[in-house]
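Here the structure is laid out as structure tokens; the discussion comes afterwards.
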Amino acid sequence: MAIVIDMPKLSDTMEEGVISKWNVKEGDKVKSGDIIAEVETDKATMDVEVYDDGVVLKIVAKEGDAVPLGKAMAIIGEEGEDISDLLDGDGGDASGGEKAEKKPKKDEEKDEDAEKAGDDGEDDEDEDEDVDDGKAKESGKKDGDNGKDKDAGKTAKKSGDKSDDGKKGKEKKDFDPLFGDLNGDEKTKDAKAKTDSGDDRVKVSPLARKMAEEQGISLSDVKGSGPQGRIVKKDIEEFDKDAAKSSKSAKPAAPAADMIPSGESKELKVSQMRKAIARRLAESKFTSPHFYETIDIDMKRAIEARGALNELSEVKISFNDFVVKACAAALRRHPAINSSWMGDKIVQHGDVHVAVAVAIDDGLITPVIKHTDKKGLAQISRETKDLAGRARDKKLQPDEFEGSTFTISNLGMFGIEEFTAIINPPNAAILAVGTIRDVPVVENGMVVPGKRMKVTLSSDHRVVDGASAAEFMNSVRNFLENPTTMLL
Amino acid sequence: MAELQFREAIRAAMVEEMRRDESVFLMGEEVAEYDGAYKVSQGMLEEFGFRRVIDTPISELGFSGIGVGAAMNGLRPIVEFMTFNFAVVGIDQIINNAAKLRYMSGGQIMIPIVFRGPNASAGQLGATHSVAYEALYGHIPGLKVVYPSEPGDAKGLLKTAIRDDNPVIFLESEQMYGLKGEVSDEEDFTIPFGVAKVKREGNDVTIVAHGKMYHVAQQAAKELAKDGIEAEIVDPRTIKPFDMKTVIESVKKTNRCVIVDETHPFCGIAAEVGFQLQRDAFDYLDAPIQRVTVPDVPAPFAKNLFDLWLPGPKQVIEAVNAVTYRS
Amino acid sequence: MAKKAEEKGFTPTGVVYQSTKLPKPTSKTHDKLGLKKKDLLNLYESMYRQRRFEERAAQMYQKGKFGGFLHLYIGQEAISTGVVQALNDDDDLITAYRDHGFALARGASSDECMAELFGKATGISSGKGGSMHYFKLEKHFWGGHAIVGAHIPLGAGLAFANKYNGNDRVAVCFFGDGAVDQGSLNETFNMAQLWKLPVIFVVENNGYSMGTAVERHSAGDLHKRADAYGMKNDIVNGMDVFTIIDKFTEVAKDVRKNQNPWFLEVRTYRYRGHSMSDPGNYRTKEELDEFKQTDPIERLKTYVSEKKLVKDDEIEEITSRINQEVLDAIDFAEESDFPEPEALFHDVYAENDFPFVK
């Protein structure tokens, strides 16, 4: 089996070698250890030796040719051997040659490694060499330095890449939770407020800062006794003793008032609810890909049905109750909408629990009507009123606003014609309900007054596709346009 | 408890270990017939003979290496340097051979050797005879570094060092050899490495001080107490491993720290301890950590300059005043 | 090589070097040396294994399979082989960074030696040492040392422990001609002679300290340094394995019996550069060719075939078996795992739970 002699790495920095002399010609016998050629590298003229016995079957590169590292210079083998395989196409390629070599069986993969390892392995050699023996050859030193520079660049780039994909991203990720955990938004604000005011930075020892945080003392109220006005432990201790009360009452308003031009704006404390809304809805909007479908529903019959029902019912049934009931019935028919994205899987919920967004002071909450599809309009109405009332009084228990599978947000009472809502995680969709409009409609070729309501479904595209959302919407429309069907 | 001089405590540790283990021997310049340049090995030749108490020529490179080779081949040498300032001549054997052969041999080679002798300055001896080397040796992975401040610690730690299977740099001080202190009578008393000792309790400031500087810290603490400042003194006793836990615990209590260190400031012990404190006790610090070290210059000869150079109680008190915001 | 003789400078120049001159080999036959046919085949196998291992190692290095340094022993194999033959198996050997030959001669496997070059966990030093730091303590091979001259006191220390324990072992400490110039040699010679340590110091004078010819780096004959300490010394032909066996048998006997050190200057030649990136332009091709005529492996082969001591196919069998063994060693090295990441922190200290500073 023939063996391709490829350009060996004869200097730590060479990328190609120029064949300055062939010591053999085609047909010559060679044995392991023979010097078959001289090659000029970037540093010196070096001998090329063969490691196997055989006959030179082919000189691939002529004297004067530059051969890249690992590319073929010559082929040796047994006399008369067919080497056309090796000469075809990429026969000169290193891996092709290796394939042909007799014993190292898995040389193909070995060679790939070699190419990768190529630079890493040896680039340090010369500089280290100098260290090794404490002496540097003149030329070696020069080249070594070049090699070093080049290598440094390479290494830098490599590690740079790495930190770009991995480290940087990771840092960012690690960073946020860290600050999130600090639980100290107010305090941060204090410190920042001070900065913004144009005063000197608040100088405070780490310990004093921590003590102030724990005791709820605003650092801007404390006068520092340390160097350059640094607030130290003693200042917090004494502040606590002498002025804790006044500081507490003075705390929320005073600093804010101090620094903001009067009458323009004010800073509000972020409530826990606002924080939760901010966090959850931002998360929803930015992680689940929303798409929207709007449909216009003829509410004429629903209005008629509501009128009839309300004559009988103890509780006053609202249009929203109709929408809730219609959605619950439609969800039962379209389980794809009654689903949640769970990262590695999608859960289709066995039960239908519709939540209704209720506006309360400084936010909103979404109480859940459990097993909505199994409840009648009157019960839905009663439960909704009860939940909404207690929501406004902030008396809901967690299980009353958790566990929804779908949410409805209705701004019809404000005259909003149509809008889009942000999905309430972990729901896969939310229905935004507009007001019922008086519109001229064409019926039997005549323009007559009509009652129409626009609803818009926001869906999470990870779970729901456009067509299934449309089917769901058509079901909702059918129920509302033919209210008796959903009473079945 | 017996009261022994520092040199007697070291001698007692060596004698006990040599009686206990035939593979332990002592070699160094003037250790045998001269009875020790600082009389540490006094009388040992008489008890153990020339085979185990060996005078060497003034060839630190040669005998350090012979010691390492002997340790590789099963013995437990104690190599005495007349001072660690002379060990620099043979430091290749310590840094390249003693510290690294275990690692480079994939764990095949074990080098249980103790290099011991006086360290740091001892009065007006000039620049080459006055260097504190604990930071330099502490920098080298594979070495353990011990610098006791009192006879009791010296004995317990040296016995541990001789039994340790790693190379140990055991630092002493010419100026402490005559120092007397309580030494445990307990049979086979040893002190583990990496365990600091709180040697004075206080709530106002933590002073970390080892070796000779421990005594400077004690003097400063006495003065400070007159002003109502109670310093807590932590003596790490071993430099590598270093017991940061005890230091951090103390700083959590006092919120302030001064490190007293006879090495130079750049890359010194104080630099490392200070770094770890700011990282691990940041929220407990009420003032920037201060250090008291020799300045970043060689030791001078002239008496007045030398006194400026070597840290004393005055500098420690100044540093304590700074961290406690007393001016 | 002729250099500008007229130029003024410090290091001697202007000489056409023959870097080293070989003394006469021994005239003793194998019979006289007590070598049986089996021994002769073993000697050939050992030398050929070292040669072939390093040829393939060089090839793998040139293919970029591993990094670091690679200093080849090729040409000097008679020394490692002869010394191992002459000494007891529990005598202690220590050498410098040109150490592959000694490890293999002392019975380390081609597999573990090749794996070490590749930096694998299965390497002779668990991938922690590399080419220059082979260790095999169970074979009384103490490394593999890469600070020139720094292991000379270690060799004396091994001997010190042997004498302290009275165990009758001899330590042999090898180094190159460059190491003779180090202070460690002189300090160690002084103490070794003073303390009568059972150690044989051996300078493998291959003519060059890296690229500096011996005449340009050392004043006077190397072996005569021992005279200053009253230490016994001699010059030996290092290209003939019989000579090595002859001399080391005699010297080891003296050291064991009389507990005194020796210094032997073994004249030899390395065919390859100092390391893999050495073009060798400090020496002439003629010089290299001349020494290749004295090749120790060819010499032994010629001896046994001329005396018809072994059949040609017996040599053939060894050659092809070793060829395959070395190829298998490459496979072994490639297929072996790198050390686990945790190994980074292992074997720094005797205990693996040392509280490293973070």
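Note that the chains are named A, B and C in the order they appear, and that numbering of residues resets to 1 at the start of each chain.
Assume a contact is a pair of C-beta atoms (placed from the backbone, for glycine too) under 8 Å apart; a residue touches a chain by one contact, two chains touch by 3 or more.
In this text the structure is predicted, and so the values were computed from the model without any measurement.
Among the inter-chain contacts, the highest number of C-beta pairs connects B-C.
Farthest chain from subunit B (centres taken as the mean of C-alpha atoms): A.
Remark: subunit B and subunit C have CA centroids separated by 41 Å (rounded to whole angstrom). Our note on geometry: subunit A versus subunit B, Cα centroid distance of 53 Å, whole angstroms. Centroid to centroid, with C-alpha atoms defining each point, subunit A and subunit C lie 59 Å apart.
On subunit B, the positions that touch subunit C within their shared complex are 25, 51, 54, 56-57, 59, 61-75, 92-93, 96-97, 101-110, 141-142, 144, 164-166, 194, 241-242, 272, 276.
Every residue of subunit A that touches subunit B in the complex is listed here, in rising order: 205-210, 225-227, 232-234.
Per the touch definition, subunit B reaches subunit A in the complex via residues 255, 282-287, 325.
Across the complex, subunit C is touched by residues 8-12, 32-33, 43-46, 51, 70, 103-106, 110-111, 113-115, 117-126, 128-129, 132-135, 137, 140 of subunit A. Of all the residues in subunit C, the ones that touch subunit A in their complex are 55-56, 58-59, 61-69, 97, 146, 148, 178, 209-212, 275-277, 279, 281, 324, 327, 330-331, 334.
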